[in-house]
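The letters A, B, C and D name the chains in turn, as written, and every chain counts its residues from 1.
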Amino acid sequence: MSAADTASPPRRRPTSPRSGRGGGLGRLGAARELGVLLALAALVAVTAASNSRFLSAQSIQDVLLSAAILVVLAVGQTLVIVTRNIDLSVGSVLGLAAFGTGELLSSAPGTPIPLALLFGLGLGALCGVVNGALIAAARVPALVITLGTLYVFRGVDHSWAAGEQINAADMPRGFLDFGTATLLGVPVLALLAVAVLAVVATYLRSYRGGRELYAIGSEPTAARLSGIPVGRRVFGAFVVSGALAGLAGVLHAARFGTVDATVGTGIELQVVAAAVVGGVAIFGGSGSAYGAALGALLLTTIGSSLAVLRVDPFWQQAVVGGLILAAIGLDRLLAARVAGRPGRRRVLHGA
Amino acid sequence: MPLLQLREVTKSFGPVAAVRGVSFSLQAGRVHALVGENGAGKSTIVKMLAGVHQPDTGGIELDGRPARLGGPAAARDAGIAVIYQEPTLFPDLSVAENIFMGRQPTARFGRVDRAALRAATARLFERLGVAVDPERQARGLSIADQQLVEIAKALSVDARVFVMDEPTAALSGVEVERLFAVVRGLCERGAAVLFISHRFDEVFSLCDHITVLRDGAWVSTDPTADVTPDTVVRRMVGRDVAALFPKEDTEPGETVLEVRGLGRAGVFEDVGFSVRAGEIVALAGLVGAGRSEVVRAVFGVDRYDAGEVRVAGRRLPPGSPARAMAAGIALVPEDRRQQGLVMELSIERNATLTRLRRLTRFGLLTGGGERRSAAEWADRLQVRYGRLADPVATLSGGNQQKVVLAKWLATGPRVLIVDEPTRGIDVGTKAEVHRTMSRLAGEGLAVLMVSSELPEVLGMADRVLVMREGRITAGLSRREATEESVMFAATGQAGAVA
Amino acid sequence: TTRGDDEEGGGGDRATAEADPDAPLAEGLAVAFLPKQVNNPYFTVADAGGATAVEEFAGEYKEVGPSEASASSQVSYVNTLSQQGTDVIVTAANDPNAVCGALNGARSAGASVVTFDSDASPECRDLFVNQATAEGIAEIQVQLIAEQIGGAGQIAILSATPNATNQNTWIGLMEEELAKPEYADIELVTVAYGNDEDEKSFQETQGLLRSYPDLAGIVSPTTVGLAAAARYLSGSEYRGEVALTGLGTPNQMREFVADGTVESFALWDPADLGYLAAYAGAALASGQITGSEGETFTAGELGEYEVGADGVVVLGPPTVFDAGNIDEFDF
Amino acid sequence: MVRDTLYARSQDAPADRGTARTNRLAALVRWETAVVLALLLVVVGASLGVDGFADGRNAEFLLLDAVAVLLIALPVTLVVITGEIDLSVASTLGLCSAVMGQLWLSGWPLELIVVAAIALGAVLGAVNGLFVTGFGLPSLAVTIGTLAAYRGLAFVVLGDQAVADFPTDWTRAAADTVAGGALPWAMVIALVLAVGFGVTLHLTPFGRQLYAIGNNAQAAAFTGIPVARAKFWLFVASGAVAGLAGVYWTLRYASARADNGEGLELSVVAAVLLGGVSIFGGRGTLLGVLAGVLLLATLRNALQLADVRADTLDIVTGVLLIASVVVPNVVALARARRRRGRPT
C-alpha cells in the first residue's frame, strides 16, 4: 500500500493498524494451551501404542481421578500466580484440611458429604486468609510468606495429628464411595474439578475482577494508579487458593481413605510445575486456568504412563524432570513461532 | 465558581519539600497550564489531584466543597481523569483492556463484552487518530504509542477535570495537533483541563491561564494574553535564559560512525549514513518511523540481519553493547525508566554504572571514587537531589533524564547517540543540554540525535536524516532543512526532497 | 576430638566389658526414642510401646526426631542426645552408615545404642531388635500370596522407595523363596515402587494392572503401599479378581478385609517391638548384657530373649491377620 | 511484589528527617544488622537458658550441620540478587554424591573423584544456565524441572545402593576441627568462600552489575552489562558449589546415596530470604545471608537441646521467616502513617 494516497493532514503509519506481538492475545493464549494439548496427545499416543489397555475405560477413569486433585490445586494456584504472587503453602493446607476432615468424619460419622466439603473448604480458606492478610496488608513478597506458612501449617498439622492416622475404617462408607463414585462413567471427583475449573476460568477471562487480577500481575504500580483495589484482590486470590487447597484436601481423604499428617508434603512444587507447564507466566499477568489444568493433566498422565510403560523406576523421576523441561521449552518455542509469524510485522514501505 | 480549587497545599517527602503552600483554581471550559523547572513540584500536584498522594496540609475543593481524594479510585469517582507523566500500562494486556480496565463494558451476567470493548477503543482511537490495533498487547509499544494510549485512557473516562502531565513529551507535531483538537472539544463541553508541558509553543497556543511554580512554591497565575514566554521563563528560573539552540558551526573532522545497509526484517531496511567528528546529525521522522530501533541496533542492544556498523573504520561486532562502549559509543535511550535507569538503585550507583571498572582500586570498588565522580557530574548537569544515596526513583522526571545523560557523558564517548535527549527537560536545562552537546561536538565528538521535536532538530543539527517506515527517505543539510522539507520527507507526501 | 577417635573407643570397650546377668535394671535411666520420623503412625505406636516399658522400669522416656525421614537430621538429633547425656538411645536408622559416626560419638559419651525396625551398621550400635527375621517375613508373604492365588499365576511386588533397605532385603529373600519347587507355578513379573506415597502407589498399582493383564496377585511389603493398593482395588473392577497381601496394620486394613479386597496380611505388633527395644536398652545400660551372642535378658511381660549373632534380638514371627482375628487388634 | 513494595515504600515512607543521627539509626535497623543482632541474642539466650548449648562439642555439631546450607547459600544469594532462583541445588548435591559413590566403586582415586564431582556440579549448573539464559525460560520453572531430573539421574547412577566404604582419613577430615577446637575445617573453607563471594558481590564491578541486573535487566543491558553471561556463570558457580557441598555431605555422613540432601533447597532459600535478600532480585547482602544461615542453625540446635518437638521447630522456622519480611514493612508503614497523621 502506498502512502501517497492518504489525504492531508498526513496520518501516521498510513498502512493498516499494526497488530503487534501477540496481536490477538487470544490466539497466542490458545496456542500455548494447544502446545500442552499436543504434548498430552503425543504422550497418550506413545503409551497406548505400547499398551492398548492404557485407553481402557477404567484406565481413563483412573487418570481423570488422579488428575482431579492436582487440577483443583493448579487452578487455585493460577489465580495467585497471575497476580505476580505464589502460594507455596498449598501442600500444607491440603494436609491440614485432609486431616481435619478425616478427624471430623471419624468423630461425627453422620456428617453429610457436602458439609465435609464445606468444612475442608472453610479450613483452607482460613489458611488463605492468614496468607492473604499478611501479604496484602503488610505488602510483603508472597514467596517468603507462603514458604513460612508452608512450615507453620505443616507444623500445626503435625501437632494436631500427633502421629495419629485416620484409616478407611474410621470414615463413613458413603464418604469413601464418593471418592470412587462415577457419574455416566466419569469420576465424580473429576466432575467436581471440572466445575471448579469452569468457574475460575470464566471468572478470570470474562469478569472485571478477574481481569483486574491480570492487571495487578502485569504491573502492580499501574494497577494501584488505576484505582484497582490491589490489596483486596490479592487477598481474595489467596483466600480462594487456600479454599481450593482445602477442597483438594477433602478430595484426597475421600480418594485415598487414609490420612495422616504427612499428606500432601511436597506437592506444592508439582502444582507450580503444572501451572508453569500449562503456560501460566510465573511473573504474573498471563496464562489461563485451562492451561494450568491441562498442565496438571499432563503431569498426572506422565506419572501414569511411566507406570504403564514399566519404565525403570530409577529412571522415572529423571524422565519426569526431562518432560517438564521439554514442556516449558516447547511452550516457549510455540510462543516464539506465533509472535514471529510474518504478516504481523510492520509493513515496510514498498514491501 | 471554579470547578476545582487547590488551597495552600503542601507536600513533603522526608526532607524534600516538594510542594509548599500552592493555591490556584481550574475553571470549567478553560485550559490551565502549570509550568516550572524540573523538580518544581508539578507532578506532585498532579498526584495529589489523582489521589496518589495526600496533601500534608491544605486541601482540594471541587465545586466549592472540600473533596477527600483518598486514592486513585476516589479521584476517578470524583470526576478527575489523569494522564501521568510516566506511562503506566499493563504490558500483558491488550490495549483495549488497558484503556477500560475496571470499567469494561459488560453484557449479561456481568461478563465483559469483548466486542463492545474493541469497538469502544476503536472509536476512541479514531477520534485521536491513533493507528494501534486495540487487540494488540501493550508490551512493545513505543513510548509515543504508550503516551497515546494513556491519553485515550483518560479521555475514555467521563470526567469533568482532566489533568495532563506532559502528555506531549514523546509526541511529534501531528499527534500534538490531534490532542489539542480533542482538548478544545472537551473544554467546549465544559470540562476543566490542567496541562503541563515544557514546550512553550504548546503552552501558549493551547492554554488560557498559566501558573508558574518555583521550588515547590507558587509564583504567579496570569491569563496567557498578559505574559510572554520570556517573562514566564524568567519567573520559572529566576533569571534570563540564553538562546535555546546555540549549535555553532564547526569544521567536521573525519568520519567516526559509519552505518551501511543496516536492516532488520520487518523493522527497518537498508539504512546507511555516517557521522563525522564535530558533527551533530539528527534522525528525524514521525513517531514509529523506526529511528529508535536503528540506533538501538547500532549500539548493539538489538540484533540486525543485514549491513554493518563501523566506528573509526573498525567493524563493530553486532549484538554487543559492551563492545560498542569499548569502541566509544554511548547511547542515551528513549525510555529512561525501563532502559536508562535502574530505578531502585541510588543516584550514585546509576551515574557510575557505565564505568565501574575505571573507578576501582586494585580491582575493588571502595565507594569514595564513585561518590566523588557522581557528585561532580550531578553538579555539572544541575541535578536536583536530596542525597546521592537516595533511589533515583525519587527524582523528578526531568532530573532522572539528567542522570541518564550524566551516566553516558561521563564515559567520554567518541560517538554520542541520544534518543529524545530532552524529553521532559525544562527550558533552562534544555539549553544547558544543548550547550553541552554543542560543546562536545566542538571538541570532536560525533553526535547522532533522534528527536521528535522539530525546533530542536532544526536548531541543533548540522545534517538531518529523515526516516519513514523503516527507511531513510532524505538527507538534508542544515540549509535545506526546514519544517516543510522535513515533514514532507517524513510523511512521504509528494514533493519530498530527495 | 574427632569422631574417628571415638570409633575405636566406643565400640571396642563395650565388647570386651563383662556382662553381669544378675545386675538389677537401673532406675531413672534416660531413654530416648529416635524413630525414622516423628508423627509417623507406625513409629508412634512403636514408641508408645517403648514408653510403656520405660514406665515399667521407672526410667525417663522421651521421643525426639525429625519431621522428615532423613539421615542428616537424625545425625543432628543423635548429637543432641549425646550432648544431653542420654543413657539409652533407641533408634531406627534412615541410613545405616550415615548415622554411624554420630552413634559412636554417643556411645563413647556413655550411651547404650539399640536400633530397631531398621538397623545401623553393626559396629556402631550395641543391639538390633529385629521385628522378625527377614527370612520369616519373606516366607510368610510368599506363603500368603501363594494361598490366595491358588499356587499358580503371575504376581508383582509393590514396594516403597527403590532404596528402602528393609524392603530390598525382603524382596531378595522372597525371590529366593519363590525359586523353591513348591512355588514353581508362580511367576514374579516385576517390582514396582510407590515411594510410600499414596498417589504414586495408586499409579503404580494401576500401571501393574494395565501392563500385566493376567496378574493374579500383588504383594506389598510396606504399609503405605498395601493400604493404597487395597484402596485402589476396592474401588475398581479388579476387586476380588486380583489378590493382595503384604505387610500392613490392622487399623488401616480393617475396611478392606471387611469388603473382601484383602483376604489376609501380616505384620508384627509395633508396640511390642518398641517395648522390647526399650527393655534391651535398659538391660544394656544396667550391665545385664553387653550385646554379645548368647546373653539373655527379660523384657517385661514379653518374657526372656536371647541375643543372637551380630547382636540381633528377634521379636518373633509375624502375626497373620484375617477376617477371623483382625478385630482383636488395635494399632 | 517487593519491587512494588519498595516503590511504595519510597513514596509513602522515606527516611525521617535526614539528620546525621537518623541516618546512623537507619543503618542500624538495616535488615542484616537486625539478623546479626537476633543471632547474638539467640546465642546469648541459649547459652544461659539451655543446658549443653554453651559447649565446644555442641558448637562443633552446630557448625558441622550448617556447612552444607551455608556453602550452597553463597552462590544462590548472587543468583537471587539477579532476580533468578536455583531450586535444583539439593538435587545437584545428590547427583554429585551418587556419582562420587559410583566412581569410588569403579576404583577411581578419591582426589580425582572430588575434582570430578565439582566439575559435574558446574556442568549441571551450566545446563540450568543454558536453559535460563540461552532459551530465555524462567529459572523457577527450569530449576523445578532439573530438581526432578537431577534427583532422578542420581537414582539412575547409584540406584538403591549406599556406598559407605570411603577411607576413614577422608571421612574423618570432613568433620575435623581446627587444632582440635570447636571450629570445623569445613566451616573454615565455607567462610573463606563466603569472603570470596562477599568481595565479589560488594566490591567488584561485577557485583555491582548484579544488582542492576536484578532490579532492571533491560536497563542493565542498555548499560553494556552482559546480562545473560553474568547469569550463566552464576548458575555454573551455583552448580559447582553444590557439587562441593555434595562432596562434603558424602564424606561427613560417610555415605554416598542418591537421596542425599533431599529437600535442602527449601532450607537454603529460607536462609537466603531470612538474610534479607529480596526474592525479586536487586537487594540483599552476603553478611545478612551468613547471619541468616547461622541464625536458623543455632535456633534449631538450641531448640533441639531444649527438647522442643520437631513440629514446633517447623512452626518457629516458619514464623521467623514471616516475621523477617513482615516486621520491617509494618514498621515502615506505621511510621509513614504516624507522620501523615501528625498535626502541623
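We take it that a contact is a pair of C-beta atoms (placed from the backbone, for glycine too) under 8 Å apart; a residue touches a chain by one contact, two chains touch by 3 or more.
Keep in mind that this is a model prediction, so the values were computed, not measured.
Student: State the chain with the largest centre-to-centre distance from chain C, centres being mean CA positions.
Tutor: B
Student: Between chain B and chain C, what distance separates the C-alpha centroids? Give it in angstrom.
Tutor: For chain B versus chain C, the centre distance works out to 73 Å.
Student: On a C-alpha centroid basis, what's the spacing between chain B and chain D, in Å?
Tutor: Computed from C-alpha means, the inter-chain centre distance equals 42 Å.
Student: Rounded to a whole Å, what is the gap between the Cα centroids of chain A and chain D?
Tutor: Chain centres of chain A and chain D, defined by C-alpha means, are spaced 29 Å apart.
Student: Which chain D residues sit where two or more other chains touch them?
Tutor: Residues 7, 155, 159, 263, 309-311, 313-314 of chain D each touch two or more of the other chains.
Student: If you look at chain B, which of its residues touch at least two other chains?
Tutor: Touching at least two other chains: 52.
Student: Mind pulling the residue numbers of chain A that touch at least two other chains?
Tutor: 154-155, 158, 221, 224, 281, 313-314
Student: When you check every pair of chains, which ones turn out to touch?
Tutor: Final set of chain pairs in contact is A-B, A-C, A-D, B-D, C-D.
Student: If you look only at chain A, which of its residues touch chain D in the complex?
Tutor: Listed in rising order, the residues are 84-85, 134-135, 138-145, 147-152, 154-159, 220-221, 224, 266, 269, 272-273, 276-277, 281-283, 312-322, 324-325, 328-329, 332.
Student: Tell me, which parts of chain D touch chain A in their complex?
Tutor: Those in contact with chain A are residues 1-2, 4-5, 7-8, 87, 131, 135-138, 140-142, 144-153, 155-156, 159, 263, 266, 269-270, 273, 278-280, 309-315, 317-322, 324-326, 329-330, 333.
Student: Which positions of chain C touch chain A when the two form their complex?
Tutor: 38-41, 43-44, 67-68, 162, 190-193, 198-200, 202-204, 206-208, 210-211, 213, 224, 227-228, 231, 234-237, 251-252, 254-256, 258
Student: Contact residues on chain B for chain A in the complex?
Tutor: Within the complex, chain B contacts chain A at residues 50-52, 71-76, 84, 88-94, 97, 101-102, 104, 106, 110-112, 129, 131-133, 135-137, 139-141, 174-175, 177, 265-267, 269, 286-288, 290, 468-471, 487, 491-494.
Student: Okay, in this complex, where on chain D does chain B touch?
Tutor: 3, 6-7, 10-11, 14-18, 199, 203-205, 208-209, 211-212, 215-216, 218-226, 282-283, 340, 344
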